[in-house]
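Below you'll find a set of structures to go through.
What follows is a pair of complexes built around chain A, which joins chain B in one and chain C in the other.
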Partner chain A sequence: MKNFFKLLNFEVNRFFKLYLTLIGLIIVSQFIGAIVESKVYMDRTDQEMYKNQLSMSQYIERHGVFSFNYVFESEWFLLPIFFSIAMLMIYVFFIWYRDWFGKNTFIYRLLMLPTERITIYFAKLTTIMFLVLGLVTLQILLIPIEIQIVNSIIPTDFQSNFSFYHFSSFEIWGWMYPNTFTEFILIYGVGLIFVAVLFTAILIERSYGLKGILFAIVYGMVSFGVFFAPILLNELSSGYFYSLEVFLMLLVMSFIVLGSAIWIANHLLKYKIRV
Partner chain B sequence: MIEVKNVMKKYGRKQVLKGLSFTAEKGEITCLIGINGVGKTTIMKAIMALTPINSGEILIDGEKIRKESFEKVTFIPDTITMLPQMKICDAFTFMADFYKNWDPLRAEELLQFFKLDPTERIANLSKGNMAKVNMILGLALNVDYLLMDEPFSGIDIFSREQIAEVFTSHLIEDRGVIITTHEISDIEHLIDRAVIIDNGEVLKEFSVEEVREKEGKSVVDVMREVYRR
Partner chain C sequence: MKKYWKTILISLIIVTTIGSYYIQQAMASKKDVSFKIETTNGDKGEIDNLILQASYQNGGNIHHWLQISKDGSTNQISRTFFRDLVEAHEPLMFQKYIQEYRNFMRGKVLNPGQYFEDEDRLIYTTFQSNGRNKGLGNLFTLQIDTLDKKTNDSSSFEINMPDQVRYDWINERDIYIENGKIKILATSYLNGEEELHIYTVDENKKELEHDLILAKLESEERAQTSINILNDYNKVQNENYILYMVEKYKYLDDGERETIPSKMYLYNYLNNEVKELTIPAELKPYMKYMILHGTDIFIPVHSAIGLELKRYNIEKNQWEEHLSFKYPSIANDEEAPFLQITDDKLYLVSRVSDGHFFFIGDVRTGESLYEGKIINENKENLNADYSLMIEQIYNNMN
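Showing the complex of A and B:
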């Protein structure tokens, strides 16, 4: 266990500089977005009011108050998030492959540590989860600040009553910020299983070379099939099962897929891995 | 003792190791000799479970390799096993963090012997100095067995001399060493046993001292005989 935490700390530190850059990018871009979008709204509002000789209340009556959609659906807000998601997706692969390639083959050292090799897998998996949850938390912290920025630019009469609760009701963010703890566990649990299966697929490729690419694809497809089997079964039987039954079947399948990903990874790291 | 018994290994369709067997005793330097591509590195990796074997058995003091074995045997590959952005001292901290058998005093002693600066980044080291750091990472572990893959390959003459000097010091004494080389002249005077490998098989395994005394032959003489057969 001690070695797991040491490896976890080590893995997190390896990504930390890039992670801080991502955090910086999100903060700067979203803050700029909040300022720019508010200013643009105010300019537009002023012009409209001037052109049509409208009072503030008449304008609000016609066009409504400031909508936070302007900010939260703007490129300033979305692009750094999509960029971070893309970076983390790439990092899921990079976290393994960089240890094999390049001038310094660090995988030698990792595999020669006097610890169970599966610890390396768990440390890398936990690192990815930490990085994802870190960014999700950052966004939660940024929302109230961004609301403050907007409210400092937009006059009170134009301000809408907006909170984080409204933000999570956006369709696009609903899956990232679930409303209940159960939903949170389910959504991020699926994410964890997805990354675990990808990790195992990478290890299959690393163990069997070119043939491994094919095995990895087949393994990925089988895992996907097993995971979604209950939904497919329910569809084929025209909704024969109760939602709770489908949910329970999905839960069982999740454990099977996750358990087999870990079991296969453990077996590969112990007996099949190639450096 | 490290026992390699009838090990077979295929890379795709190519049979790299064809029932290779040999033993390496503690307190002796065993050299695996052979031209490039005969399977020397593969056998080292197989001992460390860094590549799977198709059949056969490898035992370290009578046991198959397990996590505890990595405190007993270590491998110094021909490439550095630490991250380039690390300083030498960071690499030492990493080793101290994970290995109970890491000896910081010995690491310090070796650092001074090789005249290396602990604050130097690994990425900035010359090939010779990188080989020396790699050597320290293995030698500063209190292990019974050391596996070294081509430690003299591609480095300057002075670095070679320094590394060769280590072999005659207390740092190697009492340990079992398996070393690979395709240039035997560098270490002929240092080795106790030689295992000549060709095409994935052991052609001859012998005590260097015995052959020298009884037959008056050097390792190179024996190699010549074996390869001309």
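Showing the complex of A and C:
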């Protein structure tokens, strides 16, 4: 256990500078977005009111009040999020390959540690989840601040009520911040399985070289197939199963896919891995 | 310890933030909207066994489903994961079927038009297309599943529809069963044409006995015409008549459409006859609100002092004395009043300034049985411009 935490801390430290950069980028870009979008709205409002000689209430009647969607759907807001997702996706591969291709073959030292080698796998897996959840948390913390920024620019009459807890009516937010904690666990659980399968695929490639790439692809496809088998089955039988039954089958399949990913990884790390 | 501060700090922030986010989420959903029925007049017992399946919109486009009964409302918060899994948003009727006949209901489409139920049996019919002949239409097989409600045994048979029955798709609207004959009312579509059919199947011989076309719209007509069936869509028991109208529109310059007086027909399952109904000119504007109930056809006409129910008796072939129910009515453009007639009772829900007026009347005597109000209990959680839509009122579900 102690070794696991040491390794986890080690992995987090390795990414920390880049992580801070990502966080900085998100904060700066989203704050700029909040300011710019509010200003653009106010400019447009002023012009429109001036041009058509409208009073404030007439304008609101025609065009409505300021909607936070202007901010939350702007590039300023969304691009840094997509960029972060892309960075983390790349890091899923980088977290392993750097140990082989870095300045000194670090993997050699890692594998020599007096601990079960699968601990390395778990530490890296936890690191990825940790980084993802960190950004998810950051966004929760940023929203209220961004609302404050918007409300400091937009006059009270044009402000709309934004309840943080209706947030998930936005499409992608529904996935990132589901309504209930259970769904949160389920969605990020699927994410975890996805990363675990990618990790195992990487280890297959690392164990069998060029041939391994083929194996890894086949392994990935099989895992994907097993995971989605219940949904496919239900489609083919034109809805024979009730949603709850499909859900339970999916749950069982998830455990099978995750379990076999870990089992294969363990086996490879112990006996097959090449340095 | 000192070495690990970054990891520990980030972990703490993650756990507390996400934790409190979901705690607040849970609190917010507890403060949900709830409705109750307040009796103002009449017999409280009238609402004892009623369940109103409804949905409300609180600004925005999200429908929140709920059921209202004398004990208040059960909230079925929209988009909640586990609620979706147990089919809680399906019409109450199907929730009950799934509960009671779980195996029989597997893989079945939840369309009331495909079901028939009496004391002994539950019957499901479905047209399955088995080809993709582009332009020529698909060939269909008709599958009929029967459940014996007493023994819980089910049986099933299939009929290949004859070659000339080729459509893009077939939409079933009603099932009528009498003396071993299954009559299926269905709308069929092919290359923009629309037809209303009665397919008669002999249950014992297991063959298609008759195919009757009640109405047909050519493709060029369809933009300005439609066939509307005015029967209670949710009723799965036998109803001897089908009331349908062929409605014609004219598109005005501003894109609005105006309905041109249309023709109203009555089909009789018992003798397979169709006859056209003549509607007095003053009632023509209200034609599409017609309600068929047993051997009566009702036309509701709302006025400032209440509701007038014009009544036509099918068997006597004549218009009879109308019924009038008096209640304070407040005209409202946004929410049309909900009207349902079930088991000789009229149920009416109409928006008023401080909630919804709920009325029950007897359509045999014209008597008012119950008056009440559906009000929202926690006003702070609901915008003033919320809307409440009643989908269906169920009586004696248990």
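As a convention for this text, the second predicted complex is superposed on the first by the 275 of 275 C-alpha atoms of A that agree within 3 Å, B and C clash if a C-alpha of one lies under 4 Å from a C-alpha of the other, contacts with A are read in each partner's own complex, and residues count from 1 in each chain.
Note that in this section contacts are C-beta pairs under 8 Å (C-beta built on N, C-alpha and C of every residue); 3 or more make two chains touch, one makes a residue touch a chain.
All values reported here derive from a predicted model rather than from experimental measurement.
Set side by side, chain B and chain C differ in how many residues of chain A they touch, and the one touching more is C.
In the superposition on chain A, contact is made by A:E116 with chain B only, not with chain C. By the touch criterion defined above, A:Y108 reaches chain B but does not reach chain C. By the touch criterion defined above, A:S152 reaches neither chain B nor chain C. In the superposed pair of complexes, A:K272 makes contact with chain B only, with no contact to chain C. Overlap of the chain B and chain C contact sets on chain A: empty, with no shared residue.
Chain C makes touch with chain A in their complex at residues 3-4, 6-7, 10-11, 13-14, 17-18, 21-22, 24-26, 28-29, 60, 62, 77, 79-82, 84-87, 98, 102, 106-107. Against chain A, the residues of chain B that register as touching in their complex are 12, 45, 48-52, 67-71, 74-75, 77, 79-84, 94, 97-100, 122-123. By the touch criterion given at the top, residues 3, 6, 10, 14, 102-106, 108-109, 111-117, 207, 209, 270-275 of chain A touch chain B in their complex.
Here chain A touches chain C in the complex through residues 5, 8-9, 12-13, 16, 130, 133-134, 136-137, 140-141, 163-166, 168-169, 174, 177-184, 186, 237-244, 247, going by the rule given at the top.
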